[in-house]
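We call the chains A, B, C, D and E, going by the order they appear; numbering starts again at 1 in every chain.
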């Protein structure tokens, strides 16, 4: 039921993975959003059309389950009357939630989902992370050059759609580049597993030039250690799922010197990025991970779009429409993960960076690759 | 042709020979006893006949048909019903349902009939119900129809078990120590009941029993086994005086 | 050949964990026929207790790594034993007293596990913990094989734990009483055996084992998270059942069987098909051996 | 000196169903007392109440008292009844531990015994002498014993506990006549050595022959009592319980 | 109990009529917008959970086995149902053009549900056949294995999207909306749940189905008393898993997206919790538990992480007070005999 009274606040829904497989992702997302809300509300709220509106963020746990994400989305959209929604982060929640948002005509940005289906054919759904089809070549090209590699091996998490998709895309790209059969081993492990010795023994026996590891950072820490114990001495390369300050806490010296592609390099960051990192660290005690950064950008783009609308329409559906159009029309957004804008599908056009893990655990900028 | 004929029946459990080369035959309508010391192999014979065990050697022929390879429910459908030494009722189902389920083999309808409640289904359910009530009536158990057996005293549980077996309208009824745990008065009642069942339903009965009073007053013929093989067979009077039986089983004096 | 032996080593170490957890699991399981779904989470609690104790001893107290290790093993076992006993007293025993069907106790165990997991998440946050290195890892490489000192220690621990438990269960009177309760807990006091005391003892042993496994696991796979025990708890259940319910030898062997199966399949077939093949093998095995390796069916005699 | 066991006004119920409506009786040290009655009279219920064993669906004592040498035992745990008061119950349905071997079953019954190995060994011998079958089957899993063999084991177990007071619930059930005679003879011998016995038997004739005193229980109440010889001659008892 | 069906026709049909009325009522409310989409969605998941709980109750409650892989069957039904739906009624990039005019979905959607159910029932055979020999917790492992096998199989099937999941079944529902504007999904889900209860109720009340209860209490006695236990187990497993498959197919169309991870042991344990919460062998118990459980999870959503501490706590307390589940093995009409006046459970 739409009430025609002028709203006092700007309500944004957050559909986050606070429990389930990846609570850390949900926590980062929520922490970041809280930080944004507090900062903006401390200044009296978000200024839209010359008037300040306090932000009201509603966090709903989607338990990292598709059906729960659907319910959470519907609750936000139908009952809480949010203007727009940020999240879910994981694709298995973002795809169905995106479907709901699109049907119910509510703008949504998934900060972290990489599944094409999340935004495909859904004008109301956007995302903040670049697609595998962009990231995989970045990693492949860099590795080929850096390690002078001809062959590779891949270990991925088969229960994780991101990991699997990244592995597939990478394999495709690599074989297109180096010829068929140059991915010497293509192995997987299951959810929440901790021992990878069988797969690693296989990979090591294949003697790849380097080892591509599209896995979550907590797995990375275990895989790298176990691979070293089993006698692997070569280099590793990973995608943005490595990008967490916790990686170094867990992996320690074993990960030093490895490379991964990601959205931004925390070390040596400047300006707004550095500002964000410092404030986040001060507030929560650790360096924000990629999820936090992407959530930061996703939320800020959304706020930007609301500002661009220039007014708060008492008619919620009209306002949602206006926000969506504003989102699609953003020419350039200066985020902490770089400059970006959305293409026709609602996917971001932005640059990727490759970072090296330094002795002191910092992620050092190595190179930046931008889409043509 | 005998209703049941057993030839050279043996059963080994690992190294243990529970039964070796037993021969026996039961004519239609007989009431026969099976006695012997503890562990002689009596229950094992019943288990073999009802198909719970497969024999190690020997044959069991039921009404001209060898039962080897048949599953217990198939043997039951051929007309063999039994009770158990340790009562095995479905304790959490009502007495009535206990008796209904035992008629499974003649339901005569399929799964789709169940879902659609066809005329065939209703007819069959009615018949099953009627037989159950009739039996409860005949055995004086009607007032317990909706009780759960676990709440009944032991003696009644024994009767319910016999009623359940009889609801299958068997040709051969195997009773494994039906009087065990019954008080002296109830034993008399049981003797009457078994006799009545035997006459009314024309069922062949083979029973194991340690209470001599029961076997002696009911059975026309008694088989005695020890250590898995037969040591005597004959009328109750003959058996009672058989020195081998006295030595192995009856004992020669009372307390 | 090297490949084969390396995988045998891998399976031995991984199987040791399964065995270690399944041992504790099967104790409680065998005695109360309670599928203690909280066992994996008690194991997780063990790892966390070890983590906090270790960081404290190393940091604030300033002990050496060796002393720390020597201290945290008994400490953790004690702590998890307390958790186990507490669950027994608070959640399982009242239900048992009321004569609840065993599966209600099982569901309660499942819920207790959830509380431990999510309570941890709510209390400590989602950040994972990195277990400090107490023993410097040494990699022994010979004949193309590599094995670490830790792996050897884990295997040895599992064997030792098995020996101790097996002795207790088969050779002592308390073990006899434990097996008796497993069959008929009502008749056991009629033998003059105090059932509650035996059950508490079982929980102490079983949960203590989970604690031991937690310490060893944290050292070998030093990434701790609240849900780390969930999957391995299920696997231990599987291992305990493959071996034969309630049989200590079964749990030990079952743990290794499961690990050899998983690692063997991953080593020979594409690892993407691992679960598909491994569990199909398991299915056929359980079908052909309906009571596991050592299990004996109840009700063979009527 | 107070009586070894005294039951006064005992009422017990299963859920909402009353099974005992005030049962009074007593047992002196060194006596054999028997409790007879029709099926469902409440004999098992009485023994269960005395043993304090409380299976979830078992009887609950609602009123009355059970005293052992003057002390109420209602608050006692069942294992204490065995280990401290030296009273052992052979329950109905045998309840042997099917997953243990025959030998282990007997050994478990000695759990609370603190005396020497030699004494235990002598008792094993005694049980095996009484039931040679059990000696043959010492290593067999007891679940696969025949019904009567299981009954022997249940009685043997009670003997192994070396209690001075035995509560036997239908010990002769399922036993061959010869063995019943042997067993009762053995019990008599034990009684002569000072063992007190409370016997529940369906075979009332046998029980009355064997015991010193008897009580007749009917639907939860004691309806007759006295020395056995007297009960046996009582025409009422004869008609109702001794059968034709 | 003693009156036959013929004597009380009103009583005989009253339950069915009440259910139909409730169904029509809810749909009508949804149609006029009196209940919003969120509530509708919660209602639909409730109904799906009702199917899951009651079908699992058939195996875990009535038959007394311990299946902990019910999610696996749901998964089979969900995928097969979705593929059918996409092949028949939608133009998808995976399966090409629609085989039938999408509008026909209005009438032919049950085919999708039946297809999903049938496939899941076949998968049920994988558990049923070992169950001839394997019992209890050993069988539980087999059900667990089947759950893993199903998920792993989906992971390896790229034709249904593998780990990345499957989308594209919503258009089938949309197509129905273009024929007549009704809350179609709601209708199908409610009809599915009612049908499922109907089937199970008839099954467990027949002598045929009573054999299942006999198996749960003493399988050996059942076999010797002429119950063909193997056939009965086979059928019961197939009915149970088939209904889970129907639930899966419905789920797929409600969510509009499938991911094998959504059907892991967690899903199975959820179904288990509902069964035991409601009471083993009580159909009304399963319904009540499914409704309460879904509601509880939804109502406590704002508690975020604490929800998953509080919900188990509530369930533990509930079990302490009702150690046989909410309803034990009784039905509503057993607990409130007055209800018998209005309907028969049979």
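Quick note on the criterion: a contact is a pair of C-beta atoms (placed from the backbone, for glycine too) under 8 Å apart; a residue touches a chain by one contact, two chains touch by 3 or more.
Which chain is which protein? Per UniProt: B, D = ABC transporter related protein; C, E = Inner-membrane translocator.
Computed from a predicted structure; not experimentally measured.
By the document's definition of touch, common neighbours of chain C and chain E comprise A, B. Chains that count as touching both chain A and chain E, per the definition above, are C. Taking the mean Cα position of each chain as its centre, A sits at the greatest distance from chain D.
The interface carrying the most C-beta pairs in contact is the one between chains C-E. Rounded to whole angstrom units, the spacing between the C-alpha centres of chain D and chain E is 51. Remark: chain A and chain C have CA centroids separated by 36 Å (rounded to whole angstrom). Chain B and chain D have Cα centroids separated by 30 Å.
With centres defined as mean CA coordinates, chain D is found 74 Å away from chain A. Within chain C, the positions touching two or more other chains are listed as 98-99, 118, 121, 272, 274-275, 299, 302.
Shown for chain D are the residues that touch two or more other chains, namely 57, 144-145.
Shown for chain B are the residues in touch with two or more other chains, namely 43, 52, 84-86, 88. Remark: the chains found to touch one another pair up as A-C, A-E, B-C, B-D, B-E, C-D, C-E.
On chain E, the positions that touch chain A within their shared complex are 36-38, 41-42, 45, 155, 162-165, 167, 170, 251, 254-262, 264, 266, 298, 301-302, 304-305, 307-308. Within the complex formed with chain D, the residues of chain C that make contact are 97-99, 173, 176-177, 179-180, 182-184, 186-195, 296, 298-301. For chain C in complex with chain B, the residues that touch the partner chain are 302. The touching residues of chain A, counted against chain E in their complex, run 18-19, 21, 23, 59-61, 63, 65-67, 70-72, 74-75, 77-79, 91-92, 95-96, 99-100, 103-104, 115, 117, 158-161, 163-165, 191.
Against chain C, the residues of chain A that register as touching in their complex are 19, 21, 23-24, 26-27, 158, 186-195, 197-199, 201-202, 205, 218, 221-222, 225, 228-231, 246, 249-250, 252, 286.
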